[in-house]
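The structure is given below, and queries will be raised subsequently.
Labels A, B, C, D and E are assigned to the chains in the order they are written; within every chain, residues are numbered from 1.
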Amino acid sequence: MTDMTQGGAPLAATQDSYMAMVRQKRLYSGIAILVFVVLLVSGFRVANDRNAGGFFDGIHRIFDFPADVVGEAWEKRADLAGLLWKYLPDLIETLNIAAVATLLGAALGLVLSLLSTRGMARWPVLIPLFRRIMDVTRALPEIVVALVLIYMLGGGPIPAMIAIALHTAGALGKLYSEVNENADLKPVDGLTSVGATWSQKMLLGVMPQVAPNYLSYGLLRFEINIRASAILGFVGAGGIGYELRNSMAWGPGRFDEAAAIFILLFVTIVVVDQLSSSLRNRLSEGAKQ
Amino acid sequence: MLRIEQLTKRFGANAAVDNVSFTIDKTAMIGVIGASGAGKSTLLRMINRLADASEGTIAFQGRDVTRLTGSARRKWQSECAMIFQQFNLVPRMDVVSNVLHGTLNRRSTFSTLFNLYPTEDIHTAIEILDRLGIADHAPKRAEALSGGQQQRVAIARALMQDPQIILADEPIASLDPMNAQIVMDALRRIHEEDGRMVIANLHTLDTARRYCDRVIGMRMGRVVFDGTPDQLTTGVARDIYGAGAEFSEAATSTDINALAEARHAVTA
Amino acid sequence: MLRIEQLTKRFGANAAVDNVSFTIDKTAMIGVIGASGAGKSTLLRMINRLADASEGTIAFQGRDVTRLTGSARRKWQSECAMIFQQFNLVPRMDVVSNVLHGTLNRRSTFSTLFNLYPTEDIHTAIEILDRLGIADHAPKRAEALSGGQQQRVAIARALMQDPQIILADEPIASLDPMNAQIVMDALRRIHEEDGRMVIANLHTLDTARRYCDRVIGMRMGRVVFDGTPDQLTTGVARDIYGAGAEFSEAATSTDINALAEARHAVTA
Amino acid sequence: QEITEFRIGILGGDNVQSRLNNYQCFADYIAEELNVEVKLFTPADYNGVIQGFLGGTLDLAWFGASSYAALHLQDPSAGEPIAVKTNLDGSYSYHSIGFARKDSGITSVEGLEGKVFGFGDPNSTSGYLIPSVEIPAQYDVTMESGDFFGEVKFTGGHEQTIVAVYNGDIDAGVTWADGLGNWEDGYNSGALRRAVDNGLVDMNELVQIWQSKPIPEGPVTIREALPADVKEKVTALVLGLYEKDQECAYNVAFGETAGFFPITHEAYETIIEVRKKKIDG
Amino acid sequence: MTDASLSMIDRQQAAQALFKRKRLISVAVPAVILLYLTYIFFAFDVMGLAERARLDNAMTLIRDTYSYKTHVTRANRSGEVTIAKEGERPATWPEGQSPDWVAIDGETVTIDLPRGHSVLFLPDQTAVYRHPEFGDITAKLDPSVTIDIPEDALPEWISYSRTRLDIRTEAGRLTMTRAKTEVFRYFFGWELFWYTLDSPYHGTPVWTLLFGPQIDADRSNIAGAWQDFWANPLWHHGKVAWAIGETILMAFLGTMGAALVALPLAFLAARSFTPVVVVRQLVRRVFDFVRGVDALIFTILLSRAFGPGPLTGALAILLTDTGSLGKLFSEALENVDQKQIEGVSSTGAKPLQRYRFGVIPQITPVLLSQVLYFLESNTRSATIIGAITGGGIGLMLTQAIITQKDWEEVSYYIVLIVLMVIFMDWLSGILRRRLIKGGGH
């Protein structure tokens, strides 16, 4: 079918209708840009206004604090190795919190996602329920859960772990159920036809398809959870965040400790990030094959 | 042996299978033919209990299997193996594992999760694969195999179930003529050598004629023909497919020889 | 008008275009043919200055354009439009916007960044589209169009540049025979009606013969043939493609009529 | 030299809104006096206020003695003390109180060997600085984890310390109280009293195991770089608040008070020395 | 390709070996995880958890989330009686008024509690707790606390020392010390959530507010009701709304600012756009650095320059996310289709135009969806950051938790935070669908 023979609208009409479209588009994108700029500018002004120090008053002081910290750390650089060693156990605790939370959260997220994916759900009527559960656990900031649990369970790593695990379950559950939705259900049908149970179907029919994606998302989450675990330490859940908070709060005199903790945390985050991204690349290539 | 009585399956207002009754008395190879949407797949899925019947009963050796649930249903499913048009294997798993899935119903969930299949099962699986001529591919992933090979893996899985009935839902529709023949030959051989009942949905008349002892024709959910292959004349076929006089079998044939002729016909 | 002198392009040790010289005196439609890897694309990309020449000069109307940089180079690019095998449109933008990209060199950066093209440009664009028979698709996204339509959008973009030369790098290689004909017809028509020079890399001899006034044959980076279509015998073609006696034009033909014959040949 | 706004940082163991509420009357007075907008901020901890003064982003705050020392040690010209809160009896000191659960059997610091001991915020005077110096001096022990004490940790603040001890998460801790009145009420004022009033703890379950020497109340401090007239006006307002509006003084002082008295930097030199020593090791 | 030389036995053995391997893996992976969890079980002292867990704290918390208590307090020295919800000043009953379950008759105060319990404040610093099953418990200050109970042994719900008496039942609570005698009675709901006692609208049904006669002479009912609600001195709905706004503002400014900074930098970090290795590596390391330093640390470091407030939080988010978005954007840029760029270049387009038409339309979908995703997740981060810099709902939440008593406020904030995050999630979902499906430019 060639369009050359097509009658179509007369040229002028096409031009006019296109011009009308262009004008409309310009109007819309003009409005959109305007709204965005207005939001950004007024948002900045509100924030600036509600802040103790203004942006332009403070900008020249932006390096004062870092300079103090670095200055002191440099002065006491001889002790640095010892401090790094001293805080290693705290770092390990933080990493452990993140790792366990990721493991448990992923396991819970996996079950939730399977229970809330159409075609796989054990109880299809309950799909909306499990979805809502994921929404809420995902929406709960870790800090909220952690602080409440610290009150109920006392201090230590467990409240932080539970808090992060809950949030992880919701976040991964959502990603996993997206993966599940893309999974092929034919193998599941095949396994149903041989009389397999639900868990057999999920583990043998679904898992092999989705495992690389699961793993890749899980690794990404682990990275995020390391930060979360450090932050929760900051509000009292133990680990390296707690030490960082104390030395930062005390200020000069313990800035060398702050610097050591900071180096540990930074190096860990960068290393895990690099490791997991290379691992994820390999997984995604494997999945494509 | 297998008694279907007034079996009906409704999707909303539409009856996919409508009041179907037939009895199969002795182990046979049975072809079910009919146009797309005639209800062939639905019928087989109900027998395997992948789908629930709306009305009617399916009885095997006097036992009513229509409304089994839970493990009883899974038990029945393990006795009546199903082969799918799209193979429905686990593509990322190796061939032997796929075949061993046929034993899932017999083994505990726990042991299968850790790949703790008994050695004799593994040996049997290889023997079955060998019998189907694909033992060489045993360690490969299922997705690495060609369509015909995958369908043979699916048959192997079915055999691994050691079923009384094998249901095959258009087993050769996704295959090229060469592979189609290999797969149909394998099914026939299993029927003859092992004496298992085979019910196969088929798309093409000549396949049904060539491989089956008995042919059931369906149209719009109802059985409109039930007889021997000989009774399946072009006139009857026209009825089954609701086609006019322009109907030519060659157009749907998968026979390799028929194909070459058909191509001539098109280009000429 | 266009003088190519001892033009060479080296990628490492390998010369993709090797000491090529030719002159085009009057506005003409020129076909460049040659096997894959012969250097056709590289030649055109050097003329458009998408690639830099290693040695030699390209002069247009006495002006040396080989070593222009910055805005002078962009000015030259706007005078010599390029059409690609893969169309190289912006698929997520609408057809008219894609055509209007042909004016980018003329218009201020700022206004174009916000898609603020003058109304007369928009009208011209639609006129060009109309001339190419695709004005109806003006508001659609480029990706929503078929290959032949997309290539015509690319031609429209080229025309929008109001260029002196149109370079077309295998414009019909991604198209089916039907669309190939439409696109080649369009190029020829532009050449004839507007008097623009067209240099087209072509994959197939018969296209070159049918549409071009002059044919340049390349092999391994060198010009091995330069003459009228009539001089392009099968023997010459064998030289160009470095093929043996089994060479048959029909196998690579894109002519619709040739195609039907070819099919006969295969099936017979 | 003109200012366009006046920024007050408020600390104290209460929730954000109560803090803002308690200071609103005071903010209104300042706004009236200076004729500029007054903004209230509720930083999360002492460090927030210290940083605010160092960076010149806060103009007035009621420091603790130790956090004032921290400020002074980092920048002696950042802020100057103008007033101190007095108790009902006119004194302006309080105590750091060590306490434990009654059923733990602990009655004194000696009984804490190998036990978990909790401080509050590192910048707290009674919750860290003073006990961390006086206890080792008094009992000849160190405050390092695993030395005399099994573990020494920071709970984050007075409220957390009290709850942690009460819950048995830690064996003993320190917090502040005026030392007047009765133990079973949690004394007349202080973090313990507040916890009792809120029904958080049952004082029958707790025992006092240690009390520090008197600690001076922290200074209400103003940013030194402010124009002299602003400083003067605000100082006068703070000192005259009790006469002007008792209710407001009660709110600003977070409890019963006889008003704010003038004070100077000298009053905190001892504390500064203590903190300096702590920094230098 | 059938290998004829392989016998059946060989194949079976090969398969067996395969399964041995698979079995090993499928047992080893869970075993390693299990081992790790066992280590964690001891490292985190899970056994001790049961001991540390405070069920009564949990109960307090849970009870506070759906109920509140009213304090009836008698100062033992002056004899003055005050009644206040949660003992807070703005929620104190005016002098001479009392709720209907408290009867004040001179020095005698009768306080009815649920389930037939009641408490009597009698003259002579005496109080009686009337327990329907246990009987009367009489307490007197003399000058220390003395009690008189019907049985010899103290039940476990009475905590008594000579300085202090504490009776806790499911109906309420009585404490007596030398300073004061206090009764708590629990009620369902959040106290004075709509209006405090001093508001004329307290206790007015909605119907009356809307259609009834004007209650306050100066203000129309709806305006007045709104003002009093918004300025409620116990719940501060207005300030809480501002705090939520500040939190979203931090997330918005931080994310959008980061996107605007990261986009041009991402070109410098992408292989296809910046052939100069030094520049590219430099920009990438900068990205890695700001990404590795968490927003939390930036928040602290920036607090010197900008002080407490939402701007500091927004800048911290901006810095960290410049790293994350920059990395994502540069990856997207490395994956762009060169054909489109070449097509635009061949017309003689200037560099900016080349990016605008050859690159931006291609990466817009990735860009938008990432930015919106970050916006949503930054709302959560902003809650946490606010708790440290002093701004937004996060600070209110953490400070309310620290008081260890305002659990009803904590629940209120948690509900609001969850709603806020769900709202942002929903909003970003909508925008994603709209913008990405719609025009690409």
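By definition in this document, a residue touches a chain if its C-beta (ideal position, glycine included) is under 8 Å from a C-beta of that chain, and two chains touch if they have at least 3 such contacts.
Keep in mind that this is a model prediction, so the values were computed, not measured.
Participant: Point out which chain occupies the most central position, where each centre is the mean of Cα atoms.
Facilitator: Chain A is the most central one.
Participant: Farthest from chain B by Cα centre, which chain is it? Let me know.
Facilitator: Of all the other chains, the one whose centre lies farthest from chain B is D.
Participant: Between D-E and A-E, which chain pair shares more contacting C-beta pairs?
Facilitator: When the contacts at D-E and A-E are counted, A-E has more.
Participant: What whole-number Å value describes the gap between the mean CA coordinates of chain C and chain D?
Facilitator: Inter-chain centre distance comes to 81 Å.
Participant: Nearest whole angstrom, what separates the Cα centre of chain A from the Cα centre of chain C?
Facilitator: Centre separation, chain A to chain C: 48 Å.
Participant: How far is the middle of chain C from the middle of chain E, if each middle is the mean of its Cα atoms, in Å?
Facilitator: 63
Participant: What are the residues of chain C that contact at least two other chains?
Facilitator: Only 115 qualify.
Participant: Chain D: which residues touch two or more other chains?
Facilitator: Within chain D, residues 7, 9, 41, 47, 51-52, 54-55, 57-58, 156, 160, 163, 167-169 contact more than one other chain.
Participant: Spell out, as numbers or ranges, the residues of chain A touching 2 or more other chains.
Facilitator: As it turns out, chain A has residues touching two or more other chains at 25, 29, 50-53, 58, 61, 64-65, 151, 154, 235, 248.
Participant: Of all residues in chain B, which touch chain E in the complex?
Facilitator: 94, 96-97, 113-117, 119, 122-123, 125-127, 130, 133, 135-136, 138-139
Participant: Please give the residue numbers of chain A that touch chain E in the complex, ascending.
Facilitator: So the residues of chain A touching chain E come out as 25, 29, 36, 39-40, 43-44, 46-48, 50-55, 58-59, 61-62, 64-66, 69, 93, 96, 99-100, 103, 135-136, 138-144, 147-148, 151-154, 156-158, 161, 227, 230-231, 234-235, 241, 244, 248, 262, 265-266, 269-270, 273.
Participant: Over in the complex, which chain A residues touch chain D? Could you list them?
Facilitator: Contacts found on chain A: 50-53, 57-58, 61, 64-65, 68, 151, 154-155, 235-236, 242, 246, 248-253.
Participant: For the complex, which residues does chain E have touching chain D?
Facilitator: The contact residues of chain E facing chain D are 52, 54, 57, 69, 87, 90, 159-161, 163-164, 166, 173, 175, 177-180, 184, 233, 236, 239-240, 300, 303-309, 387-390, 395-396, 398-400, 402-406, 409.
Participant: For chain A, which residues count as touching chain C in their complex?
Facilitator: 2-4, 6, 8-9, 11, 14-15, 17-19, 21-22, 25-26, 29
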